[in-house]
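All remarks here apply to the structure that follows.
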Amino acid sequence: MFVHLKDVSYTYNLNMPFETVALKGINLKVNRGEFIGIIGHTGCGKTTLLQLLNGLIEPTKGQIFIENVDIHKNKKKLKEIRKKIGLSFQYPENQFFEENIFKEIAFGPKNMGVAEEQLVQSVKKSLQMVDMDYQSFKDRSPFSLSGGEMRRVAIASILAIDPEVIILDEPTASLDPQSCSKLLSVIVDLYQKYHKTIIMVSHNMEIMAKLARRIIVMEKGEIIMDDTPRNIFQKSIDRLEDIGLSLPQVTYTMYKLKKIGKPVSSGILTVEEAKEEILKLVNENKK
Amino acid sequence: MIEFKNVTHFYNTEQNEKIASLSEINLKIHKGDFVAIIGANGSGKSTLVKHINGLLLPSKGEVLVENLNTRDMEEVWNIRKQVGMVFQNPDNQLIATTVEDDIAFGLENIGIKAKEMGERVDWALNIVGLNGLRNSEPHLLSGGQKQRVVIAGALAMNTSYLILDEPTSMLDPKGRKNILEIVKDLNKKESITIVYITQFMSEAAQFDKIFVLDKGRIVLEDSPKKVFDKAEQLLGLSLEVPQITRLARELVKSGLDIPGNILNEDEMVKYLCLYI
Amino acid sequence: MMFFRNITIGQYIYRDSIIHKLDPRVKIITVILIITTIFLVNSWTGFFIIGFYLFINISLAKVHPKFVLKGIKPLLFIISFTLLIHFFTTPGDIIYRIWILNITREGIHRGLFISVRLFYLILSTSWLTLTTSPIALTDGIEKLLSFLKIIRVPAHEIAMMMTIALRFIPTLMEETEKIIKAQIARGADFESGNLVKRIQNFLPIIIPLFINAFHRADDLAIAMEARCYRGGEGRTHYRQLSINSIDHVFIIITLFILIVSYLWVV
């Protein structure tokens, strides 16, 4: 096991007039090589959880272990943690400040102590991982790119640190469908080709269904479900919408069919699955 | 009526090339219409709607709103009284320190007397369902609530036309659903003309008419059923069809005799019931 | 990100008090008068009268003293420092001697006077901001400044800038926090290093913040224009300010007390 959150709670403005409990009693284990999806309404605590995972903030209660080491026992270790666990916030392009893409991406590894000579390698590799050509992009200003390209460069700047785990907070937020697909294929590559452990927050169930092996559902600062996508989608539609999911249209269709008594299975998320299920039933009906 | 007469719009790139962001746009949007505009990134959707209230002026051609020309420096303000606009970023449209003051902002600008302002603000707050939040500060609201404040601000101006440029892109699913419901209500109950840009095909499918833009030109202009029938053409424009429509097409390919342009779940269920 | 969500704009706390109901212009003028008097008065009786007057004002405002004192805390250091400087550096009759430093009678006198003045200054401005909402304050300032339009003071524009600033301060603070965290996640270090290095380290925060702010300004300007904003000409006001008899009485009493405090020297 790689990351372990043990009985973690986090309260903002502790002991002050506006004290707010963001997380309570979180127990979570993340293993190497997993692809975990995190779902929940705005305000359920997911962003706080993500920041705890790479030591950006310290829990008010409980402990966080990374590779069996309590990361808050020794503050100096925190920088080491950030080399292993990369975090990309929502709208990561908001952190751009350099004059060209090379420098922007090199910022991370430079801070982590990578030598000048190695920086070119780091930048090249991370651009490759997000499917962008080093030569054509390295001298351009990060601000001259399209929305989708900026998003990928921002993620490359995290990848340049060469973390084992990558945390993505709503990576496709506000992207048009084309850039969205492009980014998703990049994420698939990160998982399958480059063997990164991925933790991703998203509202989009189609995406989660395709990529995540395990989904964690949060509500009001607690983890209320931690299961495979299939099992989670067996639950009722109302419950799922309450949690903050936008279900695929085919899933709704299956639920409606089920409601009027048709023998369909639930948990269907993609067009292919729906097609198979429907054709199966059509054939059975013919008999 | 909103009318575009042969509108072309040029802009200069960094290398000083002249590029047409809109090319020979001809369209008419009538009072009471409920239309969506879709198109790939860079197809000119935002540029087009910014011509409606004169935020941008055509390089060639004319844009008329209720027979007022956007080029007229004085009339354009009358146009803006009738045409309300909602943009993508909920945060960057709110200017005042409380909800009700923000809704009143537009009214202050056009010199409405204080008493009437009060009535209009109350009415607008009520329509968008934000009565309990009139004294709230903008930064404490959710994205969906913020957009509702913006819509209320436009309503208070007694707009007849409401233009929304990807109003739900930055919202969560619940917020998105909510805004679309409000927009539908406004059209049905208050007879407000809606022009709605979206990248979500499932949203576009719920409108009466869809304009499809590609590289600054209108390439399709029809009902959702007819537009989503042309899936291959859309694919060539980097556009998808709604997931349910994709399923319908797959089933048609597999031999089922159902329409290939089904737009929503209820329709799909209806047709499937003939077979299972 | 949550930290700034609950900070309300300004120090304003709502209460049902006479002071809260006063016209903001009256309160602003009152504070200006108080501050002027504070620096003109030179006697202990004068200060005592002003102090008593401030005490009454704060009590009438029904605001708990702890909120008022909260405003003093950050400046306690400066006040103490000023006090000591005057103790030790004013020439005159030496009363006490610590090592090589002399405390003079004149020093104590001056030091205490200045400290009391600073104290009263903070009290009166806190009183203003605790009882007047940011909108009311901006409206009040705008109305007062509009008298200066004759000498081309852009009253409306100043008020609009203040409103927008107040509206966006919490938003920009949240943004700053996000940017700082994002850069720390990339290994940025804002704690160690010499002065030059530390200033350099701030570029990854300042630049994105400025860019962010400019984007917002751009969007906001477009939204304002779409909402028929054409500058201050012809604008009406949602919130109406009106001077009532209570305001008149308050100002008269205030003037009287302040004049007395200046003139009455025992």
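Worth pointing out:
Each chain carries a letter (A, B and C) given by its place in the written order, and its residues are counted from 1.
Definition applied: a residue touches a chain if its C-beta (ideal position, glycine included) is under 8 Å from a C-beta of that chain, and two chains touch if they have at least 3 such contacts.
Being a predicted model, the structure only gives us computed values, none of them experimental.
Both chain A and chain C are touched by B. Farthest from chain A, judged by the mean position of CA atoms in each chain, is C.
Separating the CA-averaged centres of chain B and chain C is a span of 43 Å.
For this pair, chain A with chain B, the centres built from the Cα atoms lie 30 Å apart.
Counting only residues that touch two or more partner chains, chain C has 5-6.
Contact with two or more other chains is made by no residue of chain A. Listed in rising order, the residues of chain C touching chain B in the complex are 4-6, 8-9, 133-135, 163-164, 166-167, 170-171, 174, 215-216, 219-220, 222-230, 234-240. Contact residues of chain C toward chain A in the complex are 1-3, 5-7, 175, 178-179, 181-189, 203-204, 207-208, 211-212. Listed in rising order, the residues of chain A touching chain B in the complex are 41-42, 146-148, 173-174, 176-179, 203, 206, 241, 244-246, 248-250, 252-253, 256-257, 260, 262, 271-272, 274-275, 278-279, 281-282, 284-285. Residues 12-13, 18, 20, 22, 47-48, 51, 54, 56, 79, 82-83, 86-87, 89, 92, 94-97, 107-108, 110-112, 143, 157-158, 161 of chain A touch chain C in their complex. Across the complex, chain C is touched by residues 53, 55, 77, 80-81, 84-85, 87, 89, 91-98, 100-101, 104-114, 117-118, 121, 137-140, 150, 153-154, 157 of chain B.
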